[in-house]
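Shared between the two complexes below is subunit A, which pairs with subunit B and subunit C, respectively.
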Partner chain A sequence: MTTNKSSNIAKAPRKLSLKENYALMTRDLGWQPSYQSVDKIFPHDHFEGIKIHNWEGWEDPFRLTMDAYWKYQGEKERKLYAIIDAFQQNNGQFNVTDARYINTLKLFLTGVSPLEYAAHRGFAIAGRAFRGVGPRVACQMQAIDELRHVQTQIHTISHYNKFFNGLHDFKHMHDRVWYLSVPKSYFDDAMSAGPFEFITAISFSFEYVLTNLLFMPFMSGAAFNGDMATVTFGFSAQSDESRHMTLGLEVVKFILEQDPDNVPIVQKWLDKWFWRGYRLLTLVAMMMDYMLPKRVMSWAEAWEIYFEQNGGSLFRDLERYGIRMPKYHEVATKEKNRLSHEAWATFYNYTAATDFHTWVPSSQEMNWLSEKYPETFDRYYRPRFEFWRERQQQGKRFYNPTLPMLCQTCQIPMIFTEPDDPTKICYRETEYRGEKFHFCSDGCKDIFCDEPEKYVQAWLPVHQIYQGNCFLPDADPTAPGFNPLAEVLRYYNLNVGHDNGDYADSPDRRNWEQWTGRPGAPVEEEEVGKAA
Partner chain B sequence: MQVDIKTTSVTQLRHTFSNVARRLGGDRPASRYQEATFDLQPEVNFHYRPLWDPRHELYDKNRTRIVMRDWYAFTDPRQYYYGTYTIARSRQQETMEKNTAFVETRGLLRTLPAEAHASLTERLLPLRHVEWAANMNNCQITALGWGTAITQATMYHTMDRLGIAQYLSRIGLLLDGNSGDSLAGAKRVWMEEADWQELRRYVENSLVIEDWFELFVAQNFVLDGLLYPLAYQHFDARFGAEYGPTLSMLTNFMSSWFDETRRWVDATLKVAAAESEHNAALLGEWVARWTQAAVEALKPLAPRILGGDGAAILETLVAELRVRSEKIGVRA
Partner chain C sequence: MSASQAEGYAQTPIVFIALQTNDESRRIIDAIEADNPHAKVNAFPAMVKIDAPGRIVVRRESIEERLGRAFDLRELQLHLISLSGNIDESDDEFVLHWRTA
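Right after this comes the complex of A and B.
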């Protein structure tokens, strides 16, 4: 060895703090370019008007180097896939409460998993856009994490797809099916904005403020209903999620601390993305109250805990930056006792055109709803469900064959009621360039009015159907007996009679009962009485 | 497939997702790679044009001049999805961790003579900045590319480049006993030394390439194709001959990584070139243009890194790259 010849008598290596180590390993990698201008290399991080004076002010909360990342994540993946393998070998899909539960997975795989993919791409965009090294690396880490999430979700649910309908073409449907334009447009909106708005929208408003209302219901719902595969990926993703949530808070504080001019811009985004996110969660609300055979808690309870209490204290903390509660949060609170009921009733109407089944809640379930919603359920919603049940028993299950008017912003049908009157549908409208646009709420109208040139571009499924853009190339609207609805379902690649319609007479239910010998839905007391 | 549960027989309804079945030509069992890759990126019915690029849709095939009938022809020969990727890297990482600990506890780098320190600081460590740009470039491709087959692989490549930049930083810290002096020295070399400036120019120019497929060529095929063998093969061997195998233990990841990833880089260009004359010609044009630029960039640097025969070695490497290029149907 050359050691003895060395003239450079080495001192013992200095101990580095985690912070110093990370700074040396990562942040010092950047440089001031001289052959191209900085603005040309980073063309997208100033048009939004956010002023950053010192990118070094970004404190990376995790200081995760790649070798540590590979080590932890590789270990997590080994464990996760071992459990998925075991789940498949043991036919774990038959351990869930009943086959109605699978419909939450359909909603998840078609509505949520593609958003994980969108997040992956969105964070890749942000991970290139910021001229500061710290936020860029943090975004890249999240970009690859999100890819993990979509892929592990596909691999977990892949097994359910082999035994149940409605899951088989999730990405194709995400791009086409009417109600899936709600989650899709939400993410398209964030990704088509600038990088600061994207990260405020997704990392803060969604991951930090609202994620507990998305992830918790699906994952606890899975646990309550015996879906161990989904619980496992939920747990496995949790440590990623906590990193992402921390990023969300860090990023907003960083932006706010950099310049007072940033405050009104951020406040506007917080208002917008609170409302966008809340409207998106309508789907989760109905899932919690209607789709889980064993319920975790009601939507109203979840809203109270995760938004009114937790969100409230978060925004109190942000007051020192000049930030207030998001606009219309009080409307969301007024709506909490109606949201899920209004949504489920709508999907019950239009289930001929959905990739999951709907059903009238059982008597016990209606009692649960009465108990959780003492002020609203018996008064406004129970009579409607009982009426539908009666019709169904007479062999006249109600399917709504018309198409609903959609809100131009959130793209949900105009089903919501006036903040102070649950019996009156809320309609708002405005004019832009001589055309009329319609909204479900003041929140959605305000968002439109701030950027009308953006929201007029929305790909509204109902408009698109009427314009003839949702047919396959071989469809001929001039042919005799042309059935537009059937043609739209063909465009969706919806397997009619299997993927859609009421759960009661679905192949999913029949198969479940045949394969497991267990009831596919709660046995009604009156039926038990009759049988006896 | 028949699965028996107790006494009831269960008939599986389908083997895979419909989009995968369409690609396999029927409902057949599919691999995890296929289910996690095919058609994952949204393709139609976008809502809003990006504020940062209103000329294009959010995802848009026209962000490159390469034209493909099917962008999922670019399957990854390594079949990497996130799980297989991280598990593979975590294994490599374990080896590196052991190697680093071995070098660190014995002070194998720190106790090398001053000339060796200078050599690493001036010849190898500035490459961490090249890796940093390679990280950004692959992130750009991931952000703007079309089709998950390519963009997931470039996502892994993005993080790999960050990892390699950090492995290089670690060599610096092993060298300077964690003072960071060697990294500061290397950065000075990168910013100021004349022999490095043409490479820095190439790298900064790559950061503003608009066509993401061209960027793929300029970074992953041309520059890496010349610089990796130059640094991790020739310089490594030269340094090893003088100072023993310590450095090779610390660059082990880089050499095996290059061998692994070039299979994917080559497969990607091969598929694009085989698609059409148009693509093949375009790729040929890009490879020629960027090879010429890279040769300009490396001409002063190769002798600086490799000494007297640096120029000759560079010529060999360029010839090798040409062979590699022709083998995959790209005539530059």
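Right after this comes the complex of A and C.
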């Protein structure tokens, strides 16, 4: 019996270890070209000045091979779509806290989902550019992941489009609507850089350093607000994200270990992409503090956990390569108690031209903000919201009809305040070839000054509107009574009176109350008092 | 978090692993807790974030004991949300660590 068993084992093919399996299924897929030089096949992996001496030094710590990849991704997809089916069959969209919550999905679908598609393209391009097999396989998996993410997000959110406004044309809007140029230009900037900068920007600076601030609070927020469908696509995407983050850390370590000359180049990219990503996360900050009816944590708390604490540990680990914390990280920390308030006030101003609604926070919500921001909210922001609420109660809801000045780099309106003075708007400017350019911060100004020929080409929505480039072909600016704002909204394919404006008198709110019989927003204590 | 807690964390670089909460991951979280007595499990809606100074180890055997079946550590991919730290993965262990710790 015993002899029999051991001889069976001896005959059975030995199972490969994870490491051997990875080597065979990854490195072994590469080959030496015979009739073209390697430099000619991969012309893009050296012009940035990065020196790689040994591509074999690349380590993929997850050691995921394509066969395992398909197996686990397939399982993730089956789980996801089963939940989405159940969600739709059970009218899950009516189980969210209130219809204000849906506005976070509008922001996500128009602002983030198209970035997933951009990432798919970006990684396909980067994968082609690297001569090492390890990074090529990792980029290929990530390109497929990103395509999966955009598809699952569209499938999930399309269900909400049947019931709520503003979700009907996300791709068109992503390419046109003023504030969406912020995420769009961020990715365009990365994709138009070289392959090493792209991967440092997206895999490391965005995915490793900052993406936790987007997905963790957003998905936890979705769970807290009863949005099972979004939690599901979010976590399904996020499970891939761990692999992407690991790629990000690995790629930076790999580049740094290859040659000391790479260190200053990488540091410059880390400085740039930290600041670019941080500015982009302004949208997340206001989502967390103002748009989720039930809040998980404040932006400032998330910043402390995910950047100050986790990011701090990461950069200490990189110190041995001669890498320091990204430039202006201390400015971001100074801004943590104001960022979301400054952003939401801006969107409150300009909500006539957005595909989602804004509102004044309820009294209870303002109290939450006072508690989370004891040094700033009551002092700087509460009086403004109370004034706006008062105006609104008098039937004079404030809509700003002018167009804001934009930062040439991040494309956000110039809304941020001086690092050391929250009452003074921060303006920076520089001259390039006889023209003046404006910036929201030293961080954005430095980025411009390093590559002015790139950023002078920025498609700034406000400039484009003033130049007459944001009208449909049949618009006639010479016609009597021509209304430029109305024409711009038509160009955005925004359904005026449905998609835009204050939430208080939106069809979304009316529909919600009719369909669910529940209040569309928290009932104010004073109103309850008055009624009694 | 209080200022003193934040200072405490800043002294030893922390690693973390965040997992979705579901029937299977509950056993994985149990196993991680048992193998890493120095770790702190923070619950959030639909997820947990496990923080630990310096190092976290996820052991295949500990998970298998709790799940009552064979477990390939790559199955972690199905439940992972995020992590931080250098990764060292073998057939038996999935380790997160900072070299500065």
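Going forward, the second predicted complex is superposed on the first by the 516 of 532 C-alpha atoms of A that agree within 3 Å, B and C clash if a C-alpha of one lies under 4 Å from a C-alpha of the other, contacts with A are read in each partner's own complex, and residues count from 1 in each chain.
Just so we're on the same page, a contact is a pair of C-beta atoms (placed from the backbone, for glycine too) under 8 Å apart; a residue touches a chain by one contact, two chains touch by 3 or more.
Note that the structure is a prediction, hence the values are computed from the model and not measured.
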Notebook entry, point to check: What is the contact status of A:Glu75 with respect to subunit B (first) and subunit C (second): first, second, both, or neither?
Noted result: both
Next item on the list: Please indicate which partner A:Gln394 is in contact with in the superposed arrangement: first for subunit B, second for subunit C, both, or neither.
Entry: neither
Next item on the list: State whether A:Gly30 touches subunit B only (first), subunit C only (second), both chains, or neither.
Entry: first
Next item on the list: Name the contact category of A:Thr423: first (subunit B only), second (subunit C only), both, or neither.
Entry: neither
Margin query: On the A-aligned overlay, A:Thr402 touches which partner chain: subunit B = first, subunit C = second, or both, or neither?
Written below: neither
Notebook entry, point to check: Can A:Thr478 be said to touch subunit B (first), subunit C (second), both, or neither?
Noted result: neither
Next item on the list: Scan A:Glu304 for contacts with subunit B and subunit C and give back first, second, both or neither.
Entry: second
Margin query: Contact-wise, after the overlay, does A:Thr246 reach subunit B, subunit C, both or neither (first, second, both, neither)?
Written below: second
Notebook entry, point to check: Quick one: subunit B or subunit C, who's touching more of subunit A?
Noted result: B
Notebook entry, point to check: Should A:Gln238 be classified as contacting the first partner (subunit B), the second (subunit C), both, or neither?
Noted result: second
Note to self: Identify the residues of subunit A that lie in both the subunit B contact region and the subunit C contact region.
What the structure shows: 75
Check: Can you list the residues on subunit A that touch subunit C in the complex?
Finding: 17-19, 61-64, 68, 72, 75-76, 79, 211-212, 215-216, 219-221, 223-224, 231, 235, 238-243, 245-246, 249, 296, 301, 304-305, 308-310, 312-314, 316-317, 319-320
Notebook entry, point to check: Which residues, counting only subunit C, touch subunit A once they are in their complex?
Noted result: 1, 6, 9-10, 13-16, 18, 20, 44-47, 49, 74-75, 77-91, 98-100
Note to self: Looking at the complex, which residues from subunit A come into contact with subunit B?
What the structure shows: 1-3, 5-8, 10-16, 20-21, 24-26, 28-36, 40-41, 43-44, 47, 65-67, 69-71, 73-75, 77-78, 80-81, 91, 94, 114, 117-118, 120-121, 124-125, 127-129, 136-137, 140-141, 143-144, 147-148, 150-152, 154-155, 158, 161-165, 167-172, 174-176, 181, 184-185, 188-189, 191-195, 454-455, 457-459, 464, 493, 511, 514-517
Next item on the list: Flag every residue of subunit B that touches subunit A in the complex, lowest number first.
Entry: 3, 5, 8, 10, 12-19, 32, 35-36, 39-52, 58-59, 81-83, 86-87, 89-94, 96-97, 104, 107-108, 110-114, 116-117, 128-129, 131-132, 135-136, 139-140, 142-144, 148, 151-152, 155-156, 158-160, 162-163, 165-167, 169-170, 172-174, 177-180, 183-184, 187, 190-191, 200-201, 204-205, 207-208, 243-244
